[in-house]
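Worksheet for the structure shown next.
Labels run A, B, C and D following the written order; every chain starts at residue 1.
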């Protein structure tokens, strides 16, 4: 059975390495500051004992006030999993650093989030629409898109 | 193609295909040979029982596609709804049968027919009269096992083919 | 009748001209032209039927069975359908080349039958260089295929055509070398003479040659597993991607006419041609042709397709050396028994074939085919 | 003198015999060699995630059928487990067994298509494809018997399954289980050791273990690369911890391994089916779930081992009758991440074979 690492445990380790990076942590997930997101995720991937080498999926949720991007991470060696989230509050031009340098599997998923939710992942080499055509107006998965 | 096995793999494959040459084929010739479909087949039409329907509209609310349109008026004398209009656009219907499962009064069924193609889109809309159960429009046993028991048994391919392998 | 004398005594002597033929050469020519065209067209229809039905049964389905009794009229229906279709020429195509390609491809496929004997001396022209003629003519249809690939101005077509040219250039060599063994045993290049020389069918004396010829022939006429030129899972339909209507029908016809030609050549060279007991010769001929074609259908049903570099490797690394070795062995045997090879050689040659293939399979290696980019 | 050449762009798809739907690849080619490849998606985009926000939790089940339309049961399964986790619904024992039976039958059916289409891409002219479709029809017959449809089954419900199996189902399934190993042996005889197939698929399109994990590859493609990761074993959902089965893995991670792993998994699925049929209890098939489920505020991610890989549903609830956000983790889309690396430098014929060995469904990629 896959163990779910609680966000609090990981938050403790992260806080030592990157002070002030954690916004919120509870049993189910932890929310990190978007500026340090790649660093923390790289730390999670490369620290022995955590080894989150497998990125299950990335998705984004629109909560009107902010967008929440959800990273579900797993470790195939230790068979545990956790959820890391990041928020971006800018509704006009939301952006987050890309994690494609850490997990290549983020490639199409980040493009998909950009296409449907409008979050720009800086550092992604090919940030363009994936499903819809190039001059499509709007981002359909946003709650205010009708 | 490193021929480590000197073409034995090729020869084995050739025997399989040549054996099939002398076996009965598994296909059936559709318009003449019709296999019995499942007793629970979810056919292309909805069948509605006017007597049982109370006009509650659960079916219309459940339909994921919004294909059911129901208009009711209140019959104050008998203290119940009267169904003014009941229409299904089978062009929108995806035959999920959620309406059949949702109906609290067992007034809605799917049909046993599956060949309901028409030449025009507006012919796909089923009105009240076109939804009643008739001998030409039999009812499928989906969700109603007692009706399913009366329907012919399904032809199974696994029972049809008898050759030895 | 000076002109006929001239034709008869010209540099290409028409040896098989029957002296008692009424009207002499021209009647002979007319008669056999009609016979060949009729034969090719009916046999192609038969082949299409055999291929589709045989393949259907091998694939556990029925194949076409709606048109006519047992679906026998399916080729006719196909032809009618395809003739009535719209003839589309791509706007960027080289129109002249696009139009000419099917004709250039079709003519040589028909011309091959000029030297194939349907029974003793019953052939259009018994050239004493019959084999050379076949080898020369059979490569000409490649020009048509390449014209189709170039003229369509489609990348898929061009890829298919390039593959075809590469394959034909390579496979011509083992094909010819495999034939030379037969020529040495028979002592003649005339196909009629070769058939007459087959008291033992040459497939028994030349089993390896027959196998090589079959493989190389399949590759020449794009039969599976060497059908890279029209590999439908890779390059849609290869050189005839952009063809439709009548012109597509021509290519379709060429495909089967070439299959018929190769089957007929194998029959003539290795299976004893029209010779056989009891039945009339022409029936034996047709029967053998159909059997050879059926083997082609069978391989097509079973085998996956090879890749282009593997195709080349098979020709140059496997077929060519084996064909050369086969040639040497045949030459030695012919030297020892100059008049006729004895029956004892049948098991010996089969053993030689098995040993050679086993040994050469050990040597045969393929590259991986990847290029660093 | 070297010839001056220049690469050209070849559009493979969206209408092409072997792109398995309306997938499109823009390939830059140097003659036969693929220099670069760019997958282009979106020809089947229907916005299913957006549609989910406008449907009830139960009303979305028929739409999950349309994701990976050759493995509808698995999609149903993944979705209903997500809703059940979100709402905290217990599922009756018999329903769990029925779900496992359906999911494993569906796995065999989906692999039959995957392998058949792969061999067809290799150039075996429809023979393996038709043989495998013949066996798939037998499975589809069983699905038709229980659910009434042959493609979009819509069988599972939140809290159970829609109906109990009919009486004639188990004998027919028994017959199928007896015959299927023979059929699989026949496929092995047909092409497993065929020299041409070996030449076409061995060593082709190697995906290393590290690359596979880094690219979030899942399912048979991951296992062919030598990673022993099967969600049925690693994170047993439903009742998979009660069954005994092995995880077949490959060694090299080439196309042949992916083909072999799929064939081996069919045999393992048959093993699971044998056990499930033997243990099948009686009892209710649906727990008492209200018609309109209102899960508490929260979020849930569940993943199952679908035929294509890890199929996950991420649901966010705001205590209404419709999901606030429904995200689908599409295995087909994510498995394509590594396609570019795998294909570069190979010939176009290999590119098709590699693409076929990944086994995608466009309905799931584009959603």
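Heads up, the rule we're going with is that a contact is a pair of C-beta atoms (placed from the backbone, for glycine too) under 8 Å apart; a residue touches a chain by one contact, two chains touch by 3 or more.
Because the structure is a prediction, the values reported are computed rather than measured.
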Exercise. Give the chain pair, either B-D or A-D, that is connected by more C-beta contacts.
Key: B-D
Exercise. Return the chain whose centre of C-alpha atoms lies at maximal distance from the corresponding centre of chain A.
Key: C
Quiz item: From the C-alpha centre of chain B to that of chain D, how far is it in Å?
Solution: 25
Exercise. Take the average of all CA coordinates in chain A, do the same for chain C, and state the distance between these two points in whole angstrom.
Key: 62
Practice problem: Could you give the separation in Å between the centres of chain C and chain D, each centre being the mean of its C-alpha atoms? | Solution: 44
Quiz item: Which residues belonging to chain B are in contact with no fewer than two other chains?
Solution: 1-4, 7, 10, 13, 16-17, 26
Quiz prompt | Junction residues of chain A, two or more chains touched | solution = none
Practice problem: Quick one: which residues in chain C touch 2 or more of the other chains? | Solution: 58-61, 301-303, 306, 310, 366
Quiz item: Which chains touch, pair by pair?
Solution: A-D, B-C, B-D, C-D
Practice problem: Provide the residue numbers of chain D that touch chain C in the complex, in ascending order. | Solution: 8, 10, 16-18, 30-33, 35-36, 119-127, 130-131, 134, 190-191, 194, 196-197, 199-200, 203-204, 344-350, 352
Self-check item: Interface residues, chain D side, partner chain B - complex
Solution: 55-56, 58-63, 127, 134, 137-138, 141-142, 144-149, 152, 154, 162-163, 166, 168, 172, 175-176, 179, 182-183, 185-186, 189-199, 291
Quiz item: Mind pulling up the chain C residues that touch chain D in the complex?
Solution: 55, 58-61, 155-156, 159, 162, 224-225, 227-228, 231-236, 300-310, 366, 368-373
Self-check item: chain A contact footprint on chain D (complex, rising order)
Solution: 41-42, 45, 47, 49-50, 211, 213-217, 227, 229, 234-236, 241, 299, 301, 303, 310, 312, 314, 316, 324-325, 327, 329, 333-334, 336-338, 366-367
Exercise. Note which residues of chain A are touching chain D in the complex, please.
Key: 1-2, 28, 53-57, 59, 61-62, 70, 72, 76, 79, 83, 103-109, 112, 116, 129-133, 140-141
